[in-house]
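Each chain carries a letter (A, B, C and D) given by its place in the written order, and its residues are counted from 1.
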Amino acid sequence: MQLFLTAILIIIVGGSFAGLFGRMRNLSSAIGALSCLAGCAMALVTVCQSLFFASDTGRYLLNLPLGPATLCLDQVSAFFALPVILLGSLAAIYAAATAHYDEKHALGSYWFFYNLLIASMLMLLASANAVLFLMEWEIMSVAAFFLITHRSEIGTVRNAGWRFMVASHIGTAGLFILFGLLSASAGSFEFDQFLNAPATYGSYSTIFFLALFGFGVKVGLIPLHVWLPDSYTFADAHVSAVLSGAMSKMGFYGLVRVMMFLPVQQASWGWTLLFGGLLTGVFALITALVQHDLKKVIAYSSMENAGIILMALGCAVLATIWKLPAMAFAALAGALMHILNHSICKGLLFLGSGAVYFGTGTRKLESMGGLAKSMPFTALAFGIGSAAIAGLPPFNNFVSEFLIFLAGLKATRLGTSSALLLSATVLAGLGLIGGLAAACFSRTFGLVFLGAPREEKQPPPMEIKPLVRLPMAILVLAIFSVALLSPWLLLPVSRVVAEIGAPAGMLFSADDLLLSAVPLRAISAFSLALIILVMLGWRIQKSRFSKGEVQDRPTWDCGFAAPNARIQYTSSSFSQPVSEVFSSIVRPFRHGEKVSGLFPQHASFRTEAPDSLLRYLFLPLFALIDRLVVPLRALQHGHLHLYVGYLAIALLALLLWKVAVI
Amino acid sequence: MNSIATLLTLSCLLLLGSSRLRVAIRMVAFQGLLLGLLQLFAVGPGHLTPGLVILSITSIVLKSGLLPWLLNKAMIVSGTKREIEPFISFGASMLCGVFLLAVSGWIVSTLLETDPIASPVALTCGFFLVFSGLLLLMTRRKALTQTLGFLVLENGVFTTGLSLGSEFSTMVELGILLDVFVGIFLMGIMLFHIDREFDHLDADRFNELSDLEIAATVVEEADE
Amino acid sequence: MNTAWALIILPVITGIISLFIDSERLRKNILVIVAFVHLFLVIRLCKGDAGELNGVWLGVDHLTRIFLSLTSLLFAGSAIYSMVYLDKHPQEDGSDLANWQFLKNRNAIYAACMQLFLAAMSLAILSMHFGLQWIGIEATTLASTPLIYYHRSRRSLEAAWKYMIICSVGIALALMGVFFLAMTATHHVELFTPAGLVLYAGYLKVRWLKVAFIFVLVGYGTKMGLAPMHTWLPDAHSEAPSPVSAMLSGGLLNCAFLGILRIYQVCVALPATAAFASELLVIAGIVSMGVSGIFILHQPDYKRMLAYSSVEHMGILATGIGLGGAAIAGAMLHAICHSLVKSSLFLLAGNILSAFDTKKVEKVTGLLKSLPYTGMLWLAGFLAITGTPPFGTFISEFTILRAALVTRSWYIAAFYLLFLLIVFIGMLTIFMQMTQGVQSEKPLSSGDHHRDDHDSPHKHTRKHGRHHAPAEEHEVSETVLQLITPVFFLSAAVVLGFYLPDSFRTAINGAATLLGGAIL
Amino acid sequence: MINNTSILWFILSLFLAPLFPGIINKVKAFFGGKKGPPVTQLYFDLFKLMHKSATYSRTATLLTRLAPFAIFFATIGAGLLMPGFFNPACCTFSGDIIFMAYLLGIARFFMVTAALDRGSAFEGMGASREVLYSALAEPALFCGLLVLIYETGSLSISGIFAELSPGHWQQNPAIMLLIAVSWMIVLLTENARIPVDDPNTHLELTMIHEVMILDYSSKDLAMIEYAAAYKLWLFSGLLVGLVISTPAMPTLLHFPVFAAGMFLVAVLIGMIESTIARMRLIHIPKFIVGSGALAIIALILKIAGN
């Protein structure tokens, strides 16, 4: 545990030194990145110790104003530390490598808050005390806020930062009440006291729904997701990678931790998680399909994956209620693996979008295209990332989605109608989400990298420096390694699942593990075969059979006189069928002049679909609050004698109310 | 004790009704005088300690001597002779005065059910003076009359103190008296500043500092 | 006991002396020396023997230790700051007021009144006798009114006048409360101090104690800025010069709060009045938090916003005390943190005001670029005042919320969190608007005197020594003196967030036991 | 686990797959009163294409060359999981049909991205329609599967087809029929048959599947054509396994009965294609969601049933 805390200390100290030398850009980037890497490496040692060799890493006492707070790293927090360490270090390398791209902003404050964010996440995972947890939770939000508003001279960045801070504060208010109730009924702030706390102050359901609300804001549950797309879009690429890859996972960590406190589960929790997750996933994907900003699409997809993880947790809860250990194991393993897989893919996609932004200088899908020729490596990495995030077989996300499917299938063992309903939702829901995700990411990848460039860029986009490619290469490696080694990865995950299930009385036998491991072995075998065969076939075809190949013809254009890049399918046209089918949910704006006149000169058509929940729920709500508050301001009108009148009225009111009573 | 209290209530009623500032200041001076005497009679003729005598003399000198002189000076300098149409007409404020007297009578009776005190009349007069002081502060336009209102309020508080018979050591009583005097003296100086700044003494035109005009700017949704 | 009296009389003497000194430099030095001597004496007093030195008049118990050290520290901080502040507003040379105005020089008044203000506050905090405490609090009002009227503008005059009238009326009612309190003390009680009354709690007349508490709550509540009586606070704090408003928010509100705590000490002794008093306090607290929330949303003037946030925090204190249990210790910690953070915020507001010469929020943008250090501290202050973790206010607000949950008062907890949220959103909008975004150009700092934008020219045209020099654009740099105090106070608030020194812990727990609450 | 007897059947299915479109065209020609191309036409085409040299568009990248291999091998991989000729599939494990569906998904992903790669307006059009319709079709497939799992209790497709018996058809004919119809519609959608998409139209603006492979030539086109035929074979194999459930059949009869079943399915598809005109594009989503609804109705009946 000491090693873990020294790691955190190194990160913070490095960050503050980088902050001091803000003016010298390279020096501060170097210090910040190196300290972050060193800290992450040391933390990784402890995490591996606890996760792979299942050795107890001891406890540490921190003396806080409200009593001593224990710090301990058990299996669950070790697992959740993996995405934080992985993405934290890679994003640090990426940030250091791309520091020279933008001269305007001082990097000192950037590095300070970046390292603070990573350190607070690691501390959050290690804290086993409510007060320390809340402190780290808010420090994490504050650090993220400053990272998002790093380029604060742009109006929309400030807007995004404002929305992020308000949403995270509302979430933390929920957490305040949650930990207040828990510590009240347990009598102390320690997590291990919470385990067997009687439900004196508020029933288990209130505690669960408070946790769902508090952590749901950070995770992106459907009505609370409003801040998520903008914050991830307007933050820097590597920052949004860390935010979506690591910070939103802290929301899941908190949710799992609180669910471990509650000995008895209710069915209503499971159903809320399940249908909440489904709604989040489908809504996110439909909105993603009509977006025209590259990073906003990726942001919505992180919301979609959050939905999938919530569905998995819902299955796990219901499985524990119905006493189906096999299903619970598959669901929990699926959820945990999906958390890890999603942070890997999402990190890769955001770093890719950052590279695209450095190459082309814009995020608009309408004006991109044909980047594969000028940026081959980024194209390859982004391609693998988008195929992986869509949950397609040879890649890692499919493994975890398959486990969740498996959990849904195993529910049929029970035979009751609710079990059937559960498996129907899981199968149909995940099927639809899988299909839409494949649609969304083939569209994004196609529009950005393939075809011909829709707008000429000066200067023409060039490939990013090799150092910047390193994090992406590592992530691609991680994708393939998790995909192919998934059966062996299941062992540490099973230990974590056992630890999660223990308080709820779920004991997992060896054959539950086997029941999930067998399909995974087959899947990894198939994936390996598929990859090898495709590579082999393409290599043979390229070397032996391609002697007569010709590459100079234009694409088949049905004999059109003057084909140019503008005839390609743009993002609005690609998403037109979807926005047609789901127009009630998405409500897109249609801007465009009608084609008129015998020989029409000019016509343009553009659809735009801002987040419908934000537009129809929160903005009117905030406007209503403002309208309500305005008349009340007449209280401070400036007339002295009325002020004295307030005094007199207050006195008389109290006297009459209380004196009559005495 | 009771006779002085009734005199005080009468002077206060007159004050509520009078529209001319000169009369008002004289009334307040008279009240200061009555208050000094009340201090002597509150304890009863038997045990007059030297401290008590000094106390009443200083309060008479301050309350009916120095302060009215200052307020007169302020009145002359600012040239405001009469209180012009306060928020409620003088007749109405007289009526309010009577109503307040009834209310303070009711409060005193409810309070004194369990433990009676020396002179309930003085207590009612105290409450009445406090309420009419507040009424003056609330309904008059001129800053000068507001100071007078405050003075009446102070007198009311002192009479309640004396009627309840809760006397502290003379040093504390002197301190309280000194504080009140310095307070009103400061108000007098500020009256000169107000007169110089605003060249009028209408307190209700002091409403530059307010939060009325905050427009409800809705957080607009600006997408780049 | 003589150190206690020295604490009070020393500033009075030096205050009067500095009234007649003409040299600016000497006066400033006296001010700072007095501040540090006072601080040294206070520390010696608080470090003194553990037993309460409860004489008839002055006494030192845990409550005094907390508030006296706090006030003295704040005074030292604002004394250092006012050295720089007075340079920015050089002495008025000869004003043509009527001959009544024998005190011509406003800086002299400033120094004198600041020291008298310190003396009055020390008296108010140290005094055990209720009457003496009333004199102390009344003296603070008298000493602070000329300070508010320092800028000699119409707005500051109006603010001073309102402050004077409302506070005096409030304190007069408090005096009535004190008389009623004297009434409750039957012949048994010989010492008219909180400890004395608590000793004979059985014999007190309950009915009069309740009426006394109502009058004291309304009276000192006016001085403290609780909800319906808070109307003077935004005007006074936004028009007063920054070091003065720092002292007002940090020190004065605490004295009034102490006034209420003293009588609350007596009320807690009797079970009947305990419930009565805490219920009233909680209601007043929640109402003031709500009222401050209304006015902070879209507040165009950042000093008024800070003033309303003081109203809100006084509301939090009142709620904390009312809830009882661990919340009382939480409220004590909150009082310390709030004073530290609020005074540093006001001093920073002074920096911004002297640089941008306007109080309008939309005219000040991109603070992080124009005044980097002030900008950073300004943001740190925002995080502190809204109770985000690294600062102590988070610990206290969480303790108060937890106490509300423990006593199963769900509505209070709900309103408490709702209003905290509304205030957070309001302040977030304002602070983001000021610190971020494109750097707004700083007007040519004319430097002669603080000119508020819609301040109408005085009736008498002021004779300026020199006509306006050709406006040269000189960059207003942030001098170190301007920043020392906020940096020191904010770092103290951060330390309180992580580690509570033992002396603080014993003081807070002692105060909590005095007021019938559980220890932290 | 792997059962090696099925590998022979798998290889046989590899050879027989191209026959399937031939039969459909033959039936369509018969209905159209024409002689039509010989049944083995696809074999000749494949043989011809294998010997031609490829031309690629200027805007095409490496992906265009890689995609055909991915499509081909993914579809073949899906075949490995598919029980053919009433024998368990080569590799069976619980949830293998989901893996099969997603393997077809990766094939579709490569098809769509390759279409976008060449930067032509028509291929983008086809791609955007293809992704939407397949996304809507998957839930129907899975719901039908769920009912079958619920009926038979086994989690793998081979187990299901082994358990299926005429008894199930007698017990609740309505449910089985609904599943069959919804799977038929899924077949028509996934393999771009008439009501959803017209395989041999030449109007690029109306195509969905064909337009995406417009720009392919020689060996790539051959592989994709073969993969399409094999996919058709898979889906019809599913249908046959569902309809003709014969547990007690001697192994001798496996081949002829299965071949007859496949022939009947081909004839059915041919008849559908010759009798129904193609649907307007805006109605197609309703049509597919309709098939999903059928499967869900079957599900509800099942839930209400027990």
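As a convention for this text, a residue touches a chain if its C-beta (ideal position, glycine included) is under 8 Å from a C-beta of that chain, and two chains touch if they have at least 3 such contacts.
The shown structure was predicted, so the numbers you read here are calculated from the model rather than taken from an experiment.
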* When you check each chain against subunit A and subunit B, which touch both of them? -> C
* Which one of the chains is closest to the middle, using the mean of its C-alpha atoms? -> A
* To do: Per the contact rule at the top, check every chain pair and give me the one with the most C-beta pairs in contact.
  => A-D
* Counting in whole Å, what is the centre-to-centre distance of subunit A and subunit C, each centre being its mean C-alpha position? -> 44
* Can you check how far apart subunit B and subunit D are, centre to centre, with Cα atoms defining each centre and the answer in Å? => 97
* So what's the Cα centroid distance for subunit A and subunit D, whole Å? -> 36
* When the centre of a chain is set as the mean of its C-alpha atoms, what distance in Å lies between subunit C and subunit D? -> 79
* Which residues of subunit A are in contact with two or more other chains? -> 155, 162, 626, 629, 633, 636, 640, 644, 647, 655, 659
* Specify, in ascending order, the residues of subunit B that touch 2 or more different other chains. => 111, 134, 137, 146, 203, 206, 208-209, 211, 214, 216-217, 219
* Structure fact -> Listing every touching pair of chains gives A-B, A-C, A-D, B-C
* Write out the stretch or stretches of subunit C touching subunit A in their complex. => 161-162, 165-166, 169-170, 173, 206-207, 210-211, 214-215, 217-218, 222, 228-229, 231-232, 234, 276, 280, 291, 294-295, 297-298, 333, 366, 368, 383, 388-390, 392, 394-395, 398-399, 401-402, 404-406, 408, 413, 417, 420-421, 424-425, 428-429, 432, 435-438, 496-500, 520
* Asked: For subunit C, which residues count as touching subunit B in their complex?
  -> 97-98, 100-101, 129, 131-132, 134-135, 138-139, 141-142, 145-146, 149, 154-155, 157-162, 164-165, 168-169, 172-173, 175-176, 179-180, 182-183, 185, 192, 205, 207-208, 211, 234-235, 238-239, 295, 298-300, 304, 429, 458-460
* To do: Show which residues of subunit B lie in contact with subunit A when the two form their complex.
  => 87, 107, 110-111, 134, 137-140, 146, 203-204, 206-212, 214, 216-219, 221-224
* To do: Over in the complex, which subunit B residues touch subunit C? Could you list them?
  => 77, 111, 114-115, 117, 130, 134, 137, 143, 146, 150, 153-154, 157, 160-161, 164, 166, 168, 172, 175-176, 179-180, 182-183, 186-187, 189-190, 192-194, 196-199, 203, 206, 208-209, 211, 214-217, 219
* In the complex with subunit A, residue positions of subunit D that touch it -> 53-63, 65-66, 69-70, 72-74, 77, 80, 91, 93-96, 98-99, 101-103, 105-106, 108-109, 112-113, 115-125, 127-129, 131-132, 134-139, 141-143, 145-146, 149-150, 153, 155, 204, 214-215, 219, 282, 285, 292, 296, 299, 302-303, 306
